[in-house]
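Lettered A, B, C, D and E in written order, each chain numbered from 1.
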Amino acid sequence: MLDAAKTETLLEVNNIEVIYNHVILVLKGVSLSVPKGGITALLGGNGAGKTTTLKAVSNLLKSERGEVTKGSILYRGERVQDMAPADLVRKGVIQVMEGRHCFEHLTVEDNLLTGAYTRTDGRAAIARDLEMVYSYFPRLKERRKSQAGYTSGGEQQMVAMGRALMSRPETILLDEPSMGLAPQLVEQIFEIVKAVNEGEGVTFLLAEQNTNVALRYAHYGYILESGRVVMDGPAQALRENPDVKEFYLGMSDDGRKSFRDVRSYRRRKRWLA
Amino acid sequence: MPDQLLFAMEVTLNGLMAGVMYALVALGFVLIYKASGIFNYAQGVLALFAALTLVGIQQGQVPFAHLINAMTGLHVESFGWTVPSLLAILLTLGVMVLLALAIEKLVLKHLVNQPPIILFMATIGMAYFLEGFGDVMWGADIKKLDVGLPQGISETVEGLTDSLFGYGFFIDNLDIVATVVAVALVTALTLFSQYSKQGRALRAVADDHQAALSVGISLRFIWILVWSIAGFVALVAGIMWGSKSGVQFSLSLIALKALPVLMLGGFTSIPGAIVGGLIIGVGEKLFEFFAGPLIGGATENWFAYVLALLFLVFRPQGLFGEKIIERV
Amino acid sequence: MFYREAGDFKTSYREDNQTFPIKFDRLRFYAVLAVAYGVIPLLINDYWANAVFVPFLIYAIAAIGLNILVGYAGQVSLGTGGFMAVGAYAVYKLMTAFPEVSVFIHVLIAGGITAAVGVLFGLPSLRIKGFYLAVATLAAQFFLVWLFNKVPWFYNYSASGQINAPDRTIFGVFVTGAQTSAMAKYMFCLVMLTIVAVVARNLTRGTVGRKWMAIRDMDIAAEIIGVNPLSAKITAFAVSSFFIGIAGALFFAVYLGAAEVGEAFGIQKSFLILFMVIIGGLGSIFGSFAGAAFLVLLPVLLKNLLVGTLGWPTDLAAHIELMIVGALIVIFLIAEPHGLAQLWRVAKEKLRLWPFPH
Amino acid sequence: DLVVPNLSYRTGPYAANGIPYADGFNDYFTLLNERDGGIGGEKIVVPECETAYNTEKGVECYESTKGQGALAYNPLSTGITYQLIPKVTADKHVLYTPGYGRTSAANGKVFEWVFNYPANYWDGASVAIKYLLDQNGGDLNGKKVALVFHNSAYGKEPIRTLEELSKKHGFTLSTIPVDSPGQEQKSQWLQIRRDKPDYVIMYGWGVMNQVAIQEAVNIKFPMENFIGIWWSGSENDVGPAGAGANGYKSISFHGVGAEYPVYQDLKKYVFDAGKSTGAADELGSVLYSRGMYAAMIISEAIREAQARAGHAAVTPEEVREGFENLNLTEARLTELGLPNFAQPIAASCADHGGPGSAMILQWDAGAKTWGAVSDWITADADVVDPLIAEDSAAFAKESGITERCN
Amino acid sequence: MNAMSEGYITADGRKIGGTLMELRNITLRFGGVVAIKDISFDIRDGEIRAIIGPNGAGKSSMLNVISGFYTPTEGGVWYKGYQRGPMRPYQVARMGIARTFQNIALFDGMSVLDNIMTGRLTLMKSGLLSQAMWWGGASKEEEAHREKVEKIIDFLEIQAIRKTPVGRLPYGLKKRVELARALAAEPKMLLLDEPMAGMNVEEKEDMCRFILDVNDEFGTTIVLIEHDMGVVMDLSDRVVVMDYGKKIGDGPPDEIRNNQAVIDAYLGVAHD
């Protein structure tokens, strides 16, 4: 288990505030720190601001008419807020966006190759990595020549993951990697994350709704609620927290209960009511 | 051979040539559309601006002379030198690159991830601006453009066909040059977009700005590159059309001749521009030549569009355009 | 203060469906109406009517029409000039053929004829989409202009192909022809605009409007949900062309008085009205007004400023005017891609929060 | 002050033509102000307004200047003219449209406020044919004449006249429209190449002229058999074709070149004094001369009006009288420094169209000058007058006008 | 039809009717790709029918066949006992089949309320003219339908975002709005394509409750695609399993859970 205190902090988000369209305040002071070589999970309900946080880090907010109005984002101690997203990728930070965002008209293979856009280590290395991605997702190999727009939802999700892996990044920001994937693939994705993390020391920051799996693979977790961090701690500790258990893992003291039985409404406990 | 057939052949040939001229303009549109999904309304004005700049540089005009004179009461007109054509073309190219830089910095950068119609509108703003700017910079009078391209009937073709069919065909030398240039351009651009890393990036950008950003494609770089190339294509089109008619405002209207070509060939296909051009060229010329006299003539403007429309009804993405992906 | 919804409770869905749910907005709207109907007609002179108000009112009608097609139904059209020409020539033929019928009726029928033509040219929209459709509608533009230029019947065989609006009256007051007073022109157009705006608002707030918007936002999903794309697109073309036809009829009969098709209804007109719609705001009736005002007023204003006040040479002023209009378009788009209407909405949202930043 | 607005266009598709015309117009009035202190001691003010050849801007310009007491309008656009005819009639301002506008406005009985002397489109067509008759020993039987025209109201004007003339003189006429703007005329010129007409007459404007001349050169059409109307005969039009355009002809209702004495004055009082609107190289060019000509006629009409009214600060109504009673003799032209520059005009209540004569100019590409190759040729009144009567009668009926001057 | 068509009562007391829709020998090809290979199954009135399978198995394609967006290359669809002729999707919708989409397909330019109102388009009758006049027919109709829609809004607990443009909503809420839009059509049959993707457990619980309630209260037949096995196993009455376009299993959840072919192809491990 990786100890956050002992390793270097790679990414540091200090008390950022994000506003969309000049009027909609979404993040109200979020701070995180992502240690080098760690897997950090960002958890929280719909609209908590996970995606927004990731986009703030990768500087994709501007294209959504959002902006970071307060706070700072440091990557290896360097302020990266005003950097172009492309430069950030060159620095080794890449994001897998929520909702797949494949290049519809490009083939699956071309999609994967765009991931290698910033690489300069030669065709051979790229070809090798392409094979690696195909070995992770054999399904993609079968569909390599078809346009990404015509592949199924899950296949597109694989393309998005594979594309990020193709860039050989130092840090990957993953936004809901498991969405729409079949169960065994979900496990597999996280296995890949783990393998890449351990084998190559790639750092991960992932936003995930599948709390169960996420907390199993992550080292550290943050829980967001309507734009604020309401709880954080080592994954192990979070897993055992009773609130987390109830609201995020769907477990009560007497184990998992059937979805059929939750027919009456339970008011969610708000940390910040 | 019967006369009608000979005439038809001649008209067809000339239609092909006209089509090449249209294709030169259409190419600029295709490039930008392909690389960013922007329908660049300003392409025609870009051609005008390039041609104005070329002539201005060539003839040693003082830029903004009129403005300077009006503000200061001076009477500056010309530096009194002339610049050799080739050098002038290179300098103009430099100006077009600067323009591309400015467009990226001042306009496109701020409109990342906006819907196509908004980007289209922005290019309209740029067209207005450039039109005014070109006029202020170089004046609105008509200018003769001469970079030494041959013009007039090609004696070779006329002689050759005369000995073959007993009737000499008319082909304009300028058109022959245009054909050569167009073929070279199309080949080079196709290779570039098909086989280079940048080519793939262009198409990625056109599909999804945000995703392109997220994989590290620099929109800035791509856009400057593409607008520079489009500027170059505009310059070529400006030279070809300007040699015919002189350089003046109307040059910007050649864009209207390129639109049906674009639509028929497909907005995203470089070879489509040339094929579309040829079909439109031949189609409208033959129609005007044979049907025109029966229904009063001047049909070319609308016929080109109607022809393209008919094609579209059967292939909504044009002949070579990327298929519109319809999925849920 | 301004724009407080607090205390402005709605107790029925009807109230909630109002055009201006906020009281302050509603009051201001009535004020504008009162000025438009009660004050301006008394003050108006030829210059203001012909240079500013009448073109503004007519362009606003056309912009509403086009906005229905582009902004609400998402079908980009560049055939507006051609459709206006249909309206103009239709009203001309009607006015000369049936001088005894009221010109008000003529204008409406001209709209109807244009709607029919619009439907005809709208049919390809079932297959053709996006910019392809935009370019395809140019076929209508060029063909219609050619037709009106070529077939002498349309211009009553006059030697030059120009059409001239004969003098016609409504309630004994001249509304077309040279004797028309500034006030009559203004009032006629204003009434038409009011009718058009109300109808447009009614259509866009209900089922029809939602069908259009659904087709615009995602046509496949709309179809799967139960929208018949054929009827949705065709009604959009019909309604849009109806308004545009009215605008064309007024443009010729009331504003210009004489017209030549290529000059008055050329491709430039199509672009101009599209610009109005986009700058004003797609899918917004208010935006159509704003866009029309912007593109009619700004050049006049700039010209008066640069030539009249600053005394610049007209050509420099004209070029610089082009540059300024172009730059402003870009600046507005950057500030708010969804047009002036959205800029206004955001401003209101801010006002509502004021003095807090968010 | 005497207000004569200059509705000009220095931008837009026809800017290249609008600029020299507007400069000539302005400069002549500047000359009068500088040299003579105006007309009859009253200074002339020429507020300029940009129309960009656009009818709506034209209306705006008219409305914005009419309040200043404008004496006469000269919008240099047939489209704007049509727009303004009902307006000037209602508002009582003179509309002066030399060589353009509504041809039948020559009939003063119907068009009280419009003047278009010295010549109109139909005159131009007739002059061209008369010249060709002259060239062919008075016989055009069996000859082929093609009309290449701008596909607009303006371009269509000569068709009726030419049809009448072809009946009368036995030549065959083919009409070949070119859609605006006219950048691409391949099929039109291939048609000409195939049909081999003996003569081509052109009614073009703007870029259409340049392309047509270039295409004519390309197909080796003999330039001396190619005649343009006055709006197809400026330096701009022949320039881009270079040496190939040598020999091209055009019709003109005034002289060109900088030899006329008035240019010395213009140089002295306007250019050298730094008061010109345009560049010095425009002096004597076709369109500059035409702008100046229009200004000269307007100033003479004002002079006439002052003489008749007995005071210098004339009103628009008085200026209309001046226009209607203008009697511009050769002697007066010489006095004005324009000997043999234009034909004498003697207007009347019924005649707002003038003598309708013009001459043929030919382009010398080497010297880059136009030179006259004919004398004044007068239009065939037998053909033109009935057409004018017919068209104006139709307008009168449509607009409920009763004829004057009876 | 078959013997079971009279229906039965489930363990928790819901009434399942006879066959509502039957898919017979459906094959769907796209050029070289075979998305569905000769699949037949039926859907009973009032049941919750799940379709599961690995990514790219052809589940969404099957839903598209049912909703008329794809026309099967071979085979046919029987609805309420009659074979469905060639139909445009909007005609299918008018027969009472509504759906949600895997890649959210909301109308981004409209507010949540308008989006849901579009769901009722098939039920609204007033014509163009009456709309143009507004006062009277159209406005009355509008209000009546608004009331129904408000009920759905209350039901799904999205009152607070009623007037928000949907483009601004977070992913999970969008899914909920989509469900609301489909419900607004008062469908006989509701097709849900991964309605719970991108939700956490609590939100999934909410969704489950909505689905069950709809099924319960209105007897709406539900066809559900979902990758969360917990949800599928708990909710559905019967499950179809697809793999590479082929049907590899069909039956009640308990049976599927222990079907070896299904475990191999999809589940990986047996899910409890």
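Annotations
The criterion applied here is as follows: a residue touches a chain if its C-beta (ideal position, glycine included) is under 8 Å from a C-beta of that chain, and two chains touch if they have at least 3 such contacts.
Since the structure is predicted, the reported quantities are computational estimates derived from the model, not experimental observations.
Think of each touching pair as a link: the shortest run of links from chain D to chain E has 2 of them. Shared contact partners of chain B and chain D, listed by label, are C.
Ranked by separation of Cα centres from chain C, the top chain is A. Averaging C-alpha coordinates per chain and comparing to chain B, the farthest chain turns out to be E. One inter-chain figure worth recording: chain B and chain C are separated by 32 Å, centre to centre, where each centre is the mean of the chain's CA atoms.
Computed centre separation for the pair chain C/chain D is 37 angstrom, with centres defined by C-alpha atoms.
One finds 50 Å separating the Cα centroids of chain B and chain E. Mean C-alpha position of chain A lies 29 Å from that of chain E. For chain A, the set of residues touching two or more other chains reads 24, 150.
For chain B, residues that reach two or more other chains under the stated contact definition are 135, 140, 296, 298, 301, 327-328. Multi-chain contact residues of chain D (touching two or more other chains) are listed as 10-11, 15, 19, 151, 179.
Applying the touch criterion to all chain pairs gives A-B, A-C, A-E, B-C, B-D, B-E, C-D, C-E. Contact residues on chain B toward chain E in their complex (touch as defined above): 327-328. For chain D in complex with chain C, the residues that touch the partner chain are 8, 10-11, 15, 19, 48-50, 52, 54-57, 59-60, 62-64, 66-67, 78-79, 82-83, 85-87, 89-91, 102-104, 151-154, 156-157, 160, 179-180, 277, 387, 391, 394-395, 398-400. Across the complex, chain C meets chain E through its residues 12-14, 17, 199, 202-203, 205-208, 210-211, 213-214, 216-218, 220-229, 235, 239, 283.
Interface residues of chain D facing chain B in the complex, by the touch rule stated above, are 10-16, 19, 151, 175-179, 181, 183-184, 186-188, 190-191, 193-194, 206-207, 210-211, 214, 217-220, 236, 239-240, 242, 244, 274, 279. Against chain B, the residues of chain C that register as touching in their complex are 70, 76, 124, 127-132, 134-136, 138-139, 142-143, 145-146, 149-150, 220-221, 224, 267, 271, 275, 278-279, 282, 312-313, 315-316, 318-330, 333-334, 337-338.
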